[in-house]
Amino acid sequence: MIVVMKPGATKDQVRHVVGLVREFGLKEHIIEGTDRTVVACIGDKRMVEKDAIENAPMVERIVPILAPYKMASLEVRQSRSVFEIGPQRFPLGAARVGVIAGPCSVESRDQILRTAEAVKESGCIGLRGGAFKPRTSPYAFQGLGSKGLAILAEAREKTGLAIVTEVIGLEQLDEVAEVSDVLQIGARNMQHYPLLEAVGKVRKPVLLKRGMSARLDEFLLAAEYIINAGNNQVILCERGIRTFEEYCRNTLCLTAVPALNEMTHLPVVVDPSHGTGHAHFVPPLCRAAVAAGADGLILECHPDPEHASSDGAQSVTPAVLSDLMNQLHRVARAIDRDL
Amino acid sequence: MIVVMKPGATKDQVRHVVGLVREFGLKEHIIEGTDRTVVACIGDKRMVEKDAIENAPMVERIVPILAPYKMASLEVRQSRSVFEIGPQRFPLGAARVGVIAGPCSVESRDQILRTAEAVKESGCIGLRGGAFKPRTSPYAFQGLGSKGLAILAEAREKTGLAIVTEVIGLEQLDEVAEVSDVLQIGARNMQHYPLLEAVGKVRKPVLLKRGMSARLDEFLLAAEYIINAGNNQVILCERGIRTFEEYCRNTLCLTAVPALNEMTHLPVVVDPSHGTGHAHFVPPLCRAAVAAGADGLILECHPDPEHASSDGAQSVTPAVLSDLMNQLHRVARAIDRDL
Amino acid sequence: MIVVMKPGATKDQVRHVVGLVREFGLKEHIIEGTDRTVVACIGDKRMVEKDAIENAPMVERIVPILAPYKMASLEVRQSRSVFEIGPQRFPLGAARVGVIAGPCSVESRDQILRTAEAVKESGCIGLRGGAFKPRTSPYAFQGLGSKGLAILAEAREKTGLAIVTEVIGLEQLDEVAEVSDVLQIGARNMQHYPLLEAVGKVRKPVLLKRGMSARLDEFLLAAEYIINAGNNQVILCERGIRTFEEYCRNTLCLTAVPALNEMTHLPVVVDPSHGTGHAHFVPPLCRAAVAAGADGLILECHPDPEHASSDGAQSVTPAVLSDLMNQLHRVARAIDRDL
Amino acid sequence: MIVVMKPGATKDQVRHVVGLVREFGLKEHIIEGTDRTVVACIGDKRMVEKDAIENAPMVERIVPILAPYKMASLEVRQSRSVFEIGPQRFPLGAARVGVIAGPCSVESRDQILRTAEAVKESGCIGLRGGAFKPRTSPYAFQGLGSKGLAILAEAREKTGLAIVTEVIGLEQLDEVAEVSDVLQIGARNMQHYPLLEAVGKVRKPVLLKRGMSARLDEFLLAAEYIINAGNNQVILCERGIRTFEEYCRNTLCLTAVPALNEMTHLPVVVDPSHGTGHAHFVPPLCRAAVAAGADGLILECHPDPEHASSDGAQSVTPAVLSDLMNQLHRVARAIDRDL
């Protein structure tokens, strides 16, 4: 941490700051520049409330130097994490790119079994589908709940696909954890800390979606909550951020892929369905995500999008998915990976 | 809802859309313009998944006409809601502006009692303070929990101030609801639906903070969850949104005050501490919020901000608060309100 | 400037960075922390291309310490700047708040003279109105040009109001500078550097609007261009930034008022018409801007907004303006200023 | 255009709106819904100031239906535009992807000739390089001007590469147009209308960069200015938008590629250098842009980035460029295009 003093700060004011720095167990290093004095603080106390020093007289600002997360960082673990997903133990985070597809919501047994069949056929490794749904409106379809979980379990049995479904609260955690191969934490719950701690106690991979306005530091701190609670199998999912753009539901930020690869050892997947909001944008952005180096994709696929109970506008049909998987194969091989 | 067809859509394609519209129980009205056909849909089915129609061939886009919330809207209730707050039954939403102040976290009995005394003295109506804290980092101070609640209860007894404290999960709800006069839902939990439904069953006012990237529609849909579950005492709190600006923690959007007054009957309060992130910006933005027509303010005040366990940088001292309350008095009277 | 090395940087890599630092004429100061080495660089060379050092091996990032602008900063000039505006020499930047009002575009002699009369009557100090208009669409009304300038000059003669009109290119500068008391640089031109340099050679105050996505540093660097070219009479205008919000044309950021007051000696005015985009939001945001400490306001007023050639949606009527000025009087006095 | 009335609007108020609609030469179509009345307006008058109707009593909002641009749209021209670039007449917008590379600024004859050689060698079609530079700070390197143009011309002669250089004002237009094969309009000048009109009179392709906070509609309206002035050879360039993200200079929005392909017939290129701001992010985002369907790329390349006069942090070396071109070749072929 660097404390930048305002021009004109007196020796006493600098001394007062030094006192605060020492209270935090840090060692100071005073540098007198041509215009102002800065106090560099040495020692790894990432989490103390250093911002409070901003209140000291004549302090201009505080510049953090260390990243606030630790166990998610490449400093602690240099080799990339690889996690085994589902009954087939697909190694996510290694050379092959894993694709997970399925409807936004579990609507019926028939819908899921038909979709699962098509998803399997096209070469995907997992089936997504929400049994418990967090919906922006209280009047919207809220999901089939436990019944939906049973349908997903049946689909896995029939296809061998890994099941990826969301857990929206502590109440459903045990039930979901029993069925799901990967526990999904939705974007709205990225900073729901009691839930992060709870999935940190489960022995299953967690797919953590980036909050719609989360900076990467905050995203990795959410991952840190899970790892800190005991579960190091965190898969990061970029799914678009909120910006001023109107032609897409969110702005998918593919620079996050190489950026996260620089910051953390955790695998990174991309969700172009939520990241764009429109089915016709999903194939080109899936190709782009793979070309940018994503370890996996998660996308929405529905046998009859015009009648989907949720997210119809951004779901591709099984036919589009199948064609897309062929394209992705070629793109993956162009960058020396595979699907 | 208006369905805009692409130029060149055939009669059959329009007929297909009309079929979907009727499936949703809506009546269509076809308008053939010079360049394209639009299908206006009549009937109040706010919550059906109309976006799915976007997938129909040659549909360009869907334009919603009705606001998606209902009970929070001025259409359902024209007169402004006024809620009684705390032991003194302060009428929030009426002529007087209510100010709530206190530290970010409850740190000790002494800290709270000293702060409460000062807050009371300066003319505030409520004391804020977190017992259970949602923190961005797992390594940060997480609050005193139940012990903190007891301290807050003691402060109320001593001062008559209303207690405003956050509930971060279903687990703590009963405990918090027993002590707190107002249940605060934090910005990160604005779309934590199980929690919204749970506070909807409590008979106490809820202070709902706007999510950091929530549009006003989404903010009012979160309020709608609470009202729909049975509790119509929702107080809306603007606390800044995330933008590209760097000199402030969030961008406080005071246009939200008159905008919400046009959209809803619920009272609106403003939080300039989180809305700016720096103690020196809090007084001018408090004055501005009152001048813009806010029904109340909630701000952070700490007897020793340099040593606060959280949010020190944005907490004012009791002396600043006292001076500020005098200014706010004058501003309120300038717009024919009072403090 | 601080150069933060990645963990594991070798002595040689640090030495290489020190070499680059010295090439820039800066002195280095190496600090070895527990996790990483940082190189603090001393010497005021604000403008060298220090970011290039980011390319050196094992450099993590560059943290600037000094603000990039100089003459606009409080370090160079501690007392607030006050500029005399118009024939009445209104001192903008001092105790009284100056309000400038008028239509978006000059449409006709009658429109301007009627508006000017009303604007004068209500207590404003200036008349705004565009003769040359920068329009988002090539098909929109582009202004009356020179004829419009003549009408504005006549309005000044009749009322004594200061004329504030925009200059959109070097071609019109001489003509506009002859008539206008204040040269307005629009938000879209905030980084049109040849124009900034050109108005820097004129001896009239310049009202510089903040670009719609400009950070405050960039805003002050645009002011620096004008001051550096010889004209220190720059008035800064906050007019809203682009965010994800949809109910307002822009997000008016009133925190910019106290923030700019901390960073610069230049006066700050606020434009709630562009800052909100809707006439009904203009009065509350004008009040808020004054309460936040703005030195002035600039707003749109049209005798018949339903038929305005541009910006009708955000223009208030003369009757609303007159009522608003009474309110602003009271708010200004509540914070010990006047109108 | 659809005019949405507030609930409770009287017949007279609707009639008043109808009067305004007719004044604009449009035909109305009144639809009485369950909750509110809407007035659909028929007739293609894209550019009238319809927003002014928002001021009429009891109007809630105006919903535009037609896109505001015309000649840039797919409605006017259905087949994709292909423009010939440079002495080799590379067909941009067709099957092959064209890559343009070079330094941010022309710094010296030696720097440019060395870079041009490498750029040519690696298979690029054009050389970028700024002779006149728009710089955020008045103290930064402003370019070599005319001398720089002469160096670029020499590089073209030696290599056959197309020259792409920026024009920052009307003053330099003739000079730049004489040398440059493609006239670049920078992001800061996207709404500098006199300049757009001026390049609209030149018979050379224009590379128009998207403004940092421009919506796609505004971007296409800027293109419309150029086409409307007589030059239909407009190449659109996505170069990142400003968001809250901090790890990248801008947020590169690759969804813009398929979105623009849906909206317009103009070719789309991507600039991952400005779009990310860091050299190490440029290769993955170049690959992603090609996979998303971009017609071309423009990126910064410098023989010695540590000593570049501008944009050093985001410039790749010739060695990285050469390796990248090999990767891009493979990605292009994976989607049935070529380099």
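Labels for the chains are A, B, C and D, by order of writing; each one numbers its residues from 1.
Following the convention adopted for this analysis, contacts are C-beta pairs under 8 Å (C-beta built on N, C-alpha and C of every residue); 3 or more make two chains touch, one makes a residue touch a chain.
Everything numeric here is computed off the predicted structure, so don't read it as measured data.
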Subject >> Both-way neighbours, i.e. chains that touch chain B and touch chain A >> reply: C, D
**OP:** Count the C-beta pairs in contact for B-C and for B-D, then report the pair with the higher count.
**Re:** B-C
**OP:** Going by C-alpha centroids, which chain is farthest from chain A? Tell me that one.
**Re:** C
Original post:
How many angstrom lie between the CA centroids of chain C and chain D, rounded to a whole number?
Top reply: 26
Original post:
So, what's the distance in Å between the C-alpha centres of chain D and chain B?
Top reply: 38
**OP:** Indicate the whole-number Å distance between the mean C-alpha point of chain B and the mean C-alpha point of chain C.
**Re:** 31
Original post:
At which residue positions does chain C touch at least two other chains?
Top reply: 213, 241-244
**OP:** Mind listing the chain C positions that touch chain A in their complex?
**Re:** 2, 4, 7, 29, 31-36, 38, 40, 42-44, 63, 65-66, 75, 242-244
Subject >> Touch list for chain B against partner chain A, complex >> reply: 20, 23, 46-47, 49, 51-56, 62, 68-69, 134-141, 168-171, 188-189, 191-195, 197, 211-213, 218, 221, 224-225, 228-229, 242, 278-279, 305-313, 315
Original post:
So in the complex, which bits of chain A are touching chain D?
Top reply: 213, 215-216, 241, 243-248, 251-255, 257-259, 262, 275-276, 280-281, 284-285, 287-293, 327, 330-331, 333-335
